[in-house]
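Read through the structure below, which is laid out as structure tokens, and then see the notes.
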């Protein structure tokens, strides 16, 4: 007893990191807890908190307990920038978030300038194309997933023309541009290109335009609620063409909100709780037991993010941010090593992620995994 | 004869078939205090608004020191040397009495730009102080105008009308709502100002005692036309006027 | 019928009534005259509960009704026709009349009463479906007077009914008022057109500077030379 | 009283100079962004508080300033040139936007300016060739002063503080000049002002244009601070936020926007303990403040001071004298 | 042609719901010069009152609607008028504007914290079955929305025109001074207006939520459209708000289809500016006086 106190005093006197901080490792989670992105940010945050509790229960990272500070960006880019700075000031070793690309593009400048590794849930292609050595994704950028969709449209459906419905913000614009580029590359004609606003209520005119284009397929890249509204309107106006989408469109939330209108839509998802993998199923169960709602891909991104952080720090072997960032580049985590990483995953030198993904179809209110696509 | 300050020539104005003013003409000379009276609905306000350029008469014209006022905006009229007071309280309530008076004078000093780069009081503090002490408001100089009593605000309103050294001042019911003691003070100050500066006044007022003792000449309107004109004594004795007020 | 005792009142900072006192008997027409700013309209507002009474009392048939709301005064059988235009512009003539009886429980009685009032004012029947704003000034005033009759009031306060009316309409309004008096209604009126008003009234009251200066039979006031002088700025001796 | 005020000002200024040394980078950033928003709020305070014209376009003006700065400095032009261009553009657009104010007032004016903000947003988002579209412009450089780079947060803070002080001084000078008096005249009694020779049309337009120019300056400071601009930073919500700053602080009071911006930006920091509830608490406080004191916090303060003052001298000399009149 | 018809019909259906929100908005303006910046949230919140009734309290859906209506009329009508608007009325427009903006934030946050941040499905009153008319697809819901809105507006007009209370409310809106001397309890009539506004908002909520889903952030776009509709149609006319709502619904669709989907909200905004500058009283408004 006496000894410990003396030791602590000595440590404090010599200015060596205090006893408390030797036992905990602070991470910052900057996410969209309010504002339009609240749904997304809350799922992301809940999964991170669950991951932290599991990691701590299993002994922590490098023998230290993780402590997570959460900051609400209000889905505002400038606030997120300030809060990333605040998290760093508060001593966060590594930053998780944000999910919205509009925020990430801004706040990743801060972590870059100060050399702090950041694991984000954003999917805008530009994030990993700016040469930022500290930013890493936990899910695909749109430029990774679009080729998979293009291949399916071309080879699977034999489509010669396609109509696109996208939401006019960073998320939608990024996906739209990547998609259109792939279509050009494969010689599929984009016959209708319809943008919509976040929070748009009336999709009648969008659907009228999509319908009158008579395309072989319709590609949808909207947020969850707008996807549901669009699907309902597509069904109402009796649109027959196959509807194809990326992760968001095939989200459980869309299926639930569109009340049957999602039946038959197909698409590509990077992460889905409906995948038949035992790890993913176990995660989905733990999550819904704990929070009372079904996990979605945003929750999975958050979960992967916290396990990525923990694994990278563990592998770097010491609390050196540069070393952690270096470890993350060209790193691979397998499910055998870390079951909770859910799927085998690799990062390239830009921080872009690569792993298997899924081709799914909605049947009734179930998402059925039709095919497993290899990592690219 | 002395110089004509305000000249009203054959003004007529009707609203939807009702002839509010019919063919009214008169002149007002320098240094005069002219009272414009008449029972309710006699056309005083309509005539007043024609003089102020706010209403366009159907026929006739108004000139102030020889210039036509037709179509002039209030601020342009002010530049022509016409000051006025309002029937309702019309001060700037959230500004000090001093600022009220400086504002009343500043637009007549220099150009827009010289005012921006010149002194913040546009060089008017002294003059405003003179005006304040003339109306015996010295103790209220730095109070907010809106916090003054009704009568005091009426005094500030009147003082503002004089800040630009106008040739003609139109007083719209200056006595309305002012208590007796304050009324005497107001009347005496107006008279003194008129005497000292030879400023021409036109007064619309319902308080006959006030009008009779302030004005040098009175014009009586009834049903849109002039029915009498003369000194207060003459008007007081005029049976047509008495009938107009009591009704036939 | 109505008695005012030493009434003081006004708007905010300004006191306009400085101890008004008078009493009017039932079933008569009394006209209040006086120069502008004497407080004539203010007295009406004070009686009808639209103005704060600082001190003094208003008695209606001996009951103290000081500080009642307009609605309560209507309940006491008093109606008020203010100065100026007071119709509801976008409603029809008929609906304007209905508003006169809006406080009554029994709306079928109100409808019956409207028919009766339209008999008294045939013009209203002719224009019953026009919007009130489309009537001429005189017609609007008649509408207002008619509206004030809907609840069969005991006492009507009328503020300057003659403004904007042609002389023959004024005479008509006055005749209507006299007929009402003959039916037992008490009328208190403010009028600029003092001569004509006194000529058709039973009593007259002269107000000046918020105080009662004279109170006499109408014909006596009409003959009094001091009344004419009062309008042109002479002061009156205490009456 | 006056000495006390000067003393207070010196203390605040000293505080602002010392502040970044007591704060981590985040604190300095928040302080910088307070200064930036105060400049925008100051401009709106001129339009709204002094001249009485409601405007929901301040965010759009910030946007015009920020985009001018970003485009010009990224093309290698000096910051100061971009400020001149940005403020000039805002001034001209402000003059044009002021025209509706000559015809309509109150909520109508609010809606015209609201529509303008929305249209400005659409242009910023959709005209990708110029504005970078939805992604905005990334990597706005911070200017150098006399060869000294301001990339460091604290240095940029002092730069912002300097510009802020200049802006405040010129604002102080403007509102105390005859122009300021004419603005107040317009707010309190436009008809009377007009009859005294104030050209109310011209003054209305100027109130808009000068207020807009301050918005432009604020944008020109913001772009290098955030080093990134995108259309989402200049939406209606931001306009409302700036309006909130002015009204909560006390519109028409010189220091109103300082306080208001401080509150809007700092209060979330103080309420962070309340976590998810802080927006709720904040909104409830605003509703409460508006109900009990619509003239804002400084209005509340001056009301309090007036109450204390009027209690002190039991008998005021002027009342006596007034009674004699 | 069938596209055009489709756009018009869908626009009318959504527009009729906008009209309900816009009418309440104009009623508040007429009765008390209140500009309610929280009007969109007034439409958003009742859906949650109803969801609480049906999901938390387990009431059958029609009864839950009644429950939601009652709660909305009490909180958004009575409490809003008495506690928020009434004390501010003497102080002019700006404090009311600011307070209602803050109130909007408060309502959004309350729903998010105490119900859910997620969008919720909401049972539809009408089936989603469709039929074809000249190539345009029309659902029962479209017809239902138009019909319910029309009935509500006609009922409102009848109430205002035919009942004693309704006429008292008209008198209060057009000339409060006269209303008072005729014995109308002016304050109570103003209160009724607030309660009617809450009821109309609830109705709009019930109609729009099945399509739009119930979500805490829905108020903002709905409120904005209600403003636009009210101003375009005329601030002092129930008819005006109706026409404004329908017009905005249609123009929004047409400008998205035929101008540019990226600039779709520019259409209504430019219309707004033009209307304010050329005809500030709105398309159907009268320049003099306030009229119901």
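For clarity, chains are labelled A, B, C, D and E in written order, and residue numbers in each chain start from 1.
Criterion: a residue touches a chain if its C-beta (ideal position, glycine included) is under 8 Å from a C-beta of that chain, and two chains touch if they have at least 3 such contacts.
None of these values were measured; they are calculated from a predicted model.
Each step here moves to a touching chain, and the least such steps from chain C to chain E number 1.
Using the mean of the Cα atoms as each chain's centre, the chain most removed from chain C is A. When the interfaces B-C and B-D are ranked by C-beta pairs in contact, the top one is B-D.
Per-chain CA centroids place chain B at a distance of 41 Å from chain D. Computed centre separation for the pair chain A/chain D is 37 angstrom, with centres defined by C-alpha atoms. Averaged C-alpha coordinates give centres for chain C and chain D that are 55 Å from one another. Residues of chain B in contact with at least two other chains: 149. The multi-chain contact residues of chain E, meaning those touching 2 or more other chains, are 109, 262, 265. Residue positions of chain C touching 2 or more other chains: none. Under the touch rule stated earlier, the contacting chain pairs are A-D, A-E, B-C, B-D, C-E, D-E.
Across the complex, chain A is touched by residues 24-27, 29-30, 33, 125, 133-136, 138-139, 226-228, 230, 232-233, 275-276, 279 of chain D.
Listing the residues of chain B that touch chain C in their complex gives 39-41, 149-150, 175-177, 180, 206-213, 235-236, 241-243, 245-248.
Listing the residues of chain A that touch chain D in their complex gives 33-34, 72, 74, 76-78, 81-82, 85-86, 88-90, 102, 105-106, 109, 114, 124, 126, 130, 168-170, 173. Those residues of chain E that touch chain D in the shared complex are 35, 83-84, 87-88, 91-99, 101-103, 105-106, 109-110, 113, 227, 231, 262-263, 265-266, 269-270, 272-273, 276-277, 280. Residues 48, 54, 100, 103-104, 106-108, 110-112, 114-116, 118-119, 122, 125-126, 240, 243-244, 247-248, 251, 276-277, 279-280, 282-284, 286-287, 290-292, 294-295 of chain D are the ones touching chain E in the complex.
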